[in-house]
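Questions regarding the structure given below will be posed in turn.
Chains: A, B and C, in written order; residue numbering restarts at 1 for each.
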């Protein structure tokens, strides 16, 4: 535990140090980044060490105001979530060193580092919280610090709006969590976690759903994901990387933690989670295909990956409820491993997107192009991230999806609705996989390949060393987990042992399968290198020339004739039209020699529209009716306060 | 992983792969027959491969290393599929419980790079083909995974070896014949989709605007194109072998006899592809998703019906 | 061991699915002829235990004649002579109809399981197929615009009811009487349709049922 506190101390030192030395811009950055990375490295090593040693849980408690106690506990699940928290935060801090390079904004940058440090600390505390009060406090701290990180570019209106939406969602979510906690407290009578398993089943369901809504709004489960596509493009890229890579996983952590604490027996929990996973997964990726802004697209992919994680957890819960150990073990291990995997490749992709935006000044996919030649390292690491997020071998995304598939397949022996949900999970995973590949061929193909579609894309150059290095590190990790998955899967499984059903389950199936996958992947590489060599041999002494692309008979091609991301995704988006609203505007061609024509399309988020019509407008209507309460008379306001106190004194 | 170092397994694999171009010739012959023509020689595809391998290449100035990676990966992934497939009831070279998942995902990887290589050329036509390819294959992938789910429900197996050579084989001549019938039709639709045949895509069309697969490889030439062609042959061979293994129970009977029946059935499947190609026109592009979705609906029906059958 | 009846039922389901996604009137009529023949043959295959009696064969032939030849034949005449456009103009799109079909089959399996009927697996499967066919007929009725597709919807519902009847009837032959009466009604309906369509065609130059909406008060 001491090491853990030391790590947090070091991180907070980095944050506060920045506030003190903000006038010396470079020194502040060096100091803050080194301290944060040092602290994170310490924390990450500690967490990894605990996982590998199967260390016994350690706890720490500090009584405060007699009634509340501040208690922490690091068990396997906490340690598992701590690993991405520290690793991604450290890597993103390294990235920020060159990403934040506006010396005129010394104070703003310092504040950014301060809240960055605070965010890391609060996430670590959420993952270790051992009673309701500590959890709630850490959760709020996390929300507030991330809010300040989002509004870094506060002078832009879009950023302020995004920050406002994020703040609304995060506070409404917190409200649900607190309601759930209050509900739990009314049954157990204390703030501890221990008694939660003994409350009645119906109460468990209500509490779980309240916490699910709260944590779900943080995690970005559809339809509570609306803040993600606003906040991520507005925030600086290293912040988006941390928020999308790690912070939204804290929502998943909340769901997993309270599922474990409540120890429910009903299959309904798994079914709810699988349904939500299907919706988030499929619609998330379809919206992503429809988006033109690269960071907004990535934000929707977070929704999709949260969906995959939920599918894994849901399969695990279904397995637990039906006593199917294989299903439970593989489902949970897959879901948890995907938490780690997603944090790696999603932050990698956000960093790549950040580099592209910084170098070209544009986030619009359809205006970029040909960046693979201008930014070779960023391009290659982005390619690796794209293959990983599409869940394709030989990278890490495939490993976790494989585990979930395996669990879901073993659920097919079940009867009735459980069988149907297993089929649903398999179909969703397959569809998500295909669509994600479609989406990332679009991003890589349109942004990095082909010819530049604009002047600024043609003038781009490679990002600085400290922005490229973190991407390379993450790409290497993605490949590493993809080729040698065994230990990572083992660790994910150890974390899921907290489930009573799996406590004594020996995962004899895990190791051989992982070795087999590992061998298949190595075989793939061997064949790949073999064929590459063979291909080289065939080209020996042959004439290899280069010329323009074959224009299918057209001799005056321009870069603007290339297929754009919009047209690439159009047919897929159209296919899902009942769930998606696409607005297209174009000028009709009505003359023989048409003049300038325009075309624009926008994909509207149905949940946003739904929330607007069914929640925001009625509430606004109601509140407008209550406007007379606010009349500006200070004496009456005091009267309100007195009234409120009297009412509370009477009823409490 | 079960590694069968048996002579027959290797032999079956090698025979199948080396015969793949010949089978493609069957399609051409059937089409020529219906067109009232003599058609190209049976060995036409071998000649094409040799011709391509002897040539050099022209690369577009727009392209990057991905353009060269595309053909290699698409061939390697399609070939790896065959390593795990039991031809004519013989044990495959490699196999493990769960291999089907990684194999179909490897096919996805091959597609990923083929599509990227197409986008790499900056040609609007290739972009168009790429967009169609990813869309249609996503739908086909959903069908495939429902089929895998159905097979798991029927036999509890998750690898090609278990499907066709295991204790509880999946076959048309078993109790679940009705379901396999639906699967067969769906698989045939997937075969037509994944291999870009009529009525999904017409490999013989002359207009780039209407192509799917052919347009994506327009800029490849020489040995690169040969690799792509071989990859396409392997893929076609795999799907046809998949269908024939469902059609006839190869796990009984002697090896040579099975091999003979297997090649006859394979020839028939290729001939049927040629037949379909001769008597139907390709669909309007917006009808294709509908066609593939039918295959999905078929296997989904079959899967739901197992709730009745397998108690 | 293979149940031949299962294969027949699979074929019926296949025809149901194809009819939901079919976009040509003529193809739909052909599908209905195919479905009619297969549906008529189902009792012949299921009742092998009772032995194939002369009565059974007579019914079979009659049904095949009416369902497989007469009604589809008249409809194809109608398609060829009356209808101008051969596209089916769906109100609910093909994808959505297919999707509805998928939900329908889950629903029918659910219903069958919840009835808790003591019957052989084969008969249960028959019930599932019957309910699905009937539901698909309803979907066609709701989701398609043309008058002919309406009749096809009814025909498909009738096929479904027939299958359900076959599955549920303990006494094998009584239901044929009812079935036959329904079929006669349907036959009359087709005739009326033919005449009405012809008249509408002369008057309005179109046979879109949407236009009939203008006749309301």
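Please note the rule applied: contacts are C-beta pairs under 8 Å (C-beta built on N, C-alpha and C of every residue); 3 or more make two chains touch, one makes a residue touch a chain.
Quantities reported herein were computed from a predicted structural model and do not represent experimental measurements.
Engineer: Taking CA centroids for every chain, report which one is farthest away from chain A.
Structural biologist: C
Engineer: So which one's got more C-beta contacts, B-C or A-B?
Structural biologist: Result: the pair with more contacts is A-B.
Engineer: Distance between chain A and chain C based on Cα centroids, please, to the nearest Å.
Structural biologist: 50
Engineer: How many angstrom between the C-alpha centroids of chain B and chain A?
Structural biologist: 36
Engineer: Which residues belonging to chain A are in contact with no fewer than two other chains?
Structural biologist: 416, 575
Engineer: Can you tell me which residues of chain C touch two or more of the remaining chains?
Structural biologist: Expected reply: 95, 106, 113.
Engineer: Of all the residues in chain B, which ones touch at least 2 other chains?
Structural biologist: If we look for residues of chain B contacting two or more partner chains, we find 289, 300, 307, 311.
Engineer: Show which residues of chain B lie in contact with chain A when the two form their complex.
Structural biologist: Those residues of chain B that touch chain A are 1, 53, 55-64, 66, 68, 71-73, 75-77, 79-80, 83, 94, 96-99, 101-102, 105-106, 108-109, 111-112, 115-116, 118-128, 130-132, 134-135, 137-139, 141-142, 144-146, 148-149, 152-153, 156, 158, 208, 218-219, 222-224, 227, 289, 300, 303, 307, 311.
Engineer: So in the complex, the part of chain C that touches chain B is made up of which residues?
Structural biologist: 1-3, 6-7, 9-11, 13-14, 17-18, 20-21, 23, 94-95, 98, 101-102, 105-106, 109, 112-113, 121, 124-125, 128
Engineer: Spell out the part of chain C that touches chain A in their complex, as residue ranges.
Structural biologist: Going through chain C, the ones touching chain A are 95-96, 106, 113.
Engineer: Inside the complex, what are the residues of chain A that reach chain C?
Structural biologist: These residues of chain A touch chain C: 416, 420, 575, 578.
Engineer: Enumerate the contact residues on chain A facing chain B in the complex.
Structural biologist: So the residues of chain A in touch with chain B come to 369-370, 372-373, 383, 387, 390-393, 398, 401-402, 405-406, 409, 412-413, 415-416, 419, 422-423, 426-427, 429-431, 433-435, 437-438, 440-441, 444-446, 449-451, 512-513, 515-517, 519-520, 523-524, 527-528, 531-532, 535, 538-539, 542-552, 557, 559, 561-563, 567-572, 575.
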